[in-house]
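Let me begin by presenting the structure, written as structure tokens, before commenting on it.
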Amino acid sequence: MLQTLSKTHRLSAPLGGPLARALVACAALSLFALWATDARAQQRYSRSFAPRRNVSLLLKNRSGLIEVEGWDRGEIRITATIESPAARFTPTMDDDGLTIDVVGDNRGRDDIGDVNFHIQVPYESAVDLQTASGDIKVHNVRGRLVRAHVTTGGDIELTDIRAQMVVAENVTGNILFDAELLRGGSYELKSTQGDINMRITPGAGFTLTATAPRTRNINLGGFAQMGNFNFQGDNRRVVGRVGDGSATLITTNLRGAISLVPRLR
Amino acid sequence: MNCEKCQALLSELLDGTLTDEERAHVGRHLDECMVCAGVRAELSAIVTTAHDVRNYTLAPPNSRALWLRISNTIEAERAQEQRTAAQVAAVVSSRRESVLTRVLHKHWTLSLPQLSAAVAALVIGVAALTVFTVQSLRRAPPTEAKLPPVHRSINDQELDVLMQRVEQRKGRWNPRMREAFERNLSVIDAAVNDSLEQLDQSPHDEVSEEALNDAMSHKKELLREFADL
Amino acid sequence: MTPESILLPRSAFGHVTATETEKTQVTDYALAQAAAAGDMPAFEALYERHHRRVYSLCLRMTGNTAEAEDLAQEAFIQLYRKVGSFRGESAFTTWLHRLTVNQVLMHFRKRGVRMEQTTDDGDVPVQVVQGTENPASMPVVDRIALDRAISQLPPGYRTVFILHDIEGHEHEEIARLLGCSVGTSKSQLHKARMKLRGLLRQQNPPQ
């Protein structure tokens, strides 16, 4: 080992030596080859769509990250990185909105790897995102519906949301829900074993049904003083009402914790 | 009558539930007011179209698959019922036979005090049994929660079929997908076991029943999705 | 395909041939009786006849295909459990319809869907249409547009509208099903119709 090191030292000392140049060239070639392989595998897809009547997005993915954010333009822009060249998807736009069905479009194909989406949508879009595995992040969307569903594991982050109906479900992975609760709105967050954290606007009126049967870990944060709450079923469930109780918030975490904190504004 | 009052009565006008007097008032306003007449026409169009909607039915995405799920569930339920009935019948008949055989084959010689004591004991026994039965019937919730084992076994059978399909397809997924599936399935199974353990301790516990339903529906969803991948 | 033209599967009705089926048209009541006695092909025939209506009702009431499928499945399982209690006093379709509606309402109650919702913005009364609104009449309402608008109604409005205007229930029955007063049912219906009018105008504004 020592011998090899000293040899290398001696070789690199005179930088202009032919062997050193060859080594540098080899290293550069290897790096380029690695990069090129990666670039070939990682296909990139980018396209914009002008919504018709309804601004809504339905995405069914197999695995990968899904990021959706609202923007002030009237178009939907999809940027995707596709891990495997075998993966296919064809977005379809009709009067009901834009649909991307990676699951349906690749049924019967073996391994299609991850497809990672970054999608920008008009603020008022309704978004319905489903994936078998992977994280889902939705930011700054104000349509009538935000739904994020992970059949297995993946974090769900819903931030700056203003929607009449929000549904978030996963098995493992955390759920962060940072949203304005609208009057008459319906909000449902379910996990089997991830932490569920909710940041709720102080002053929002809602009824809460929070169930954490295994951990009994239901933290009402500052809301404990703002409303009436009953602990039921040996503290495995909290039912309560804050203000006029007009929004409905249902959350269940079968093996994890639930916590509510007032949203900072 | 102003527009606000008129428009508030338009639905009842269309449904024919206004009094003659109200109808006359509304009618006069509608003759004079184009806006309210327009709203009436539009609501009428909605109601007429709604009648047509009733006759237009949609088929579920896969009627045959839906029927198979229904019939599988029913068949499983029937099989369970038959098994339970057979077990109950077997127990009852064996007990009846042994008790009856002994009673019938015994030679009874009773004195009058013995006979009256036996009758009194029988009366007290029957009364106690009646009171116990009535009370336990009152205590029992009138819902299907009384039959959790049947529901569990139904789901089990449906899940078995899905599980077989998943096993057939598993080899085609990439290792990450397989790992995600296995890990999350075991988490759901742990949640199912949590609820079952709780239900063993308190069989009518509502929170555990709901948690069990939640976990089972997660499991079904997971298997359905992965059975099709 | 009309329900009557559906061929019966092999069943306890004997070996029914196509021509016999055309002539005899086995009634729902007879099928229900056979199903109650455990005849699965008879029950399958009931499913074939009625599953579209049951599924459509669930779909309209929930606005979600997956939920609708699950509820239709549960409705038929309930039907099988209860079919023996159908005595033929009312039409089978009415009886099954009531069973399905109850199933959906029970599902709503479980999920905490509030049936007495007034508007999605809260307790705002119905907005009076003023002369300032575009006076051109609403474009012709077609079934598809109406179906789409119905799916956008808040659950409380949607339920009352479907039960009354689509399914033809009286307010008294709706009030009983939903556990509210007849007055509430009437006012919900009116608000639902006015809301639909607004939604249809938004969908397809008058030129």
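Chains here go by letter, A, B and C, matching the order in which they are written, and residues are numbered from 1 within each.
Criterion: contacts are C-beta pairs under 8 Å (C-beta built on N, C-alpha and C of every residue); 3 or more make two chains touch, one makes a residue touch a chain.
For clarity, every value in this text was computed on a predicted model and none was experimentally measured.
Contacts between chains leave no pair untouched here, as each chain touches all the others. Looking at B-C and A-B, the interface holding more C-beta pairs in contact is that of B-C. Put simply, the C-alpha centre of subunit A and that of subunit C have 36 angstrom between them. Our note on geometry: subunit B versus subunit C, Cα centroid distance of 19 Å, whole angstroms. Centres computed as Cα averages put subunit A at a distance of 34 Å from subunit B. Shown for subunit A are the residues in touch with two or more other chains, of which there are none.
Taken in their complex, subunit A has these residues touching subunit C: 53, 96, 144, 164, 182-186, 188, 207, 209, 246, 248, 250. Interface residues of subunit B, counted against subunit A in their complex, comprise 172-174, 176-177, 180-181, 183-184, 187-188, 190-191, 194-195, 198, 205-208, 210-211, 214-215, 218, 221-222, 225-226, 228-229.
Taken in their complex, subunit B has these residues touching subunit C: 3-4, 7-8, 10-12, 17, 34-36, 38-39, 41-43, 45-47, 49-54, 56-61, 63, 66-67, 69-71, 73-75, 77-78. By the touch rule above, subunit C contacts subunit B in their complex via residues 38, 40, 43-44, 47, 51-53, 55-56, 59-60, 65, 68-69, 72-73, 76-77, 80, 126, 128-131, 133, 135, 137-138, 140-143, 146-147, 161, 165-168, 186, 189-190, 193-194, 196-197, 200.
Here subunit A touches subunit B in the complex through residues 62-63, 103, 107, 110-111, 113, 132-133, 151-153, 171-172, 190, 192-193, 211, 213-214, 232-233, 236-237, 252, 254-255, going by the rule given at the top.
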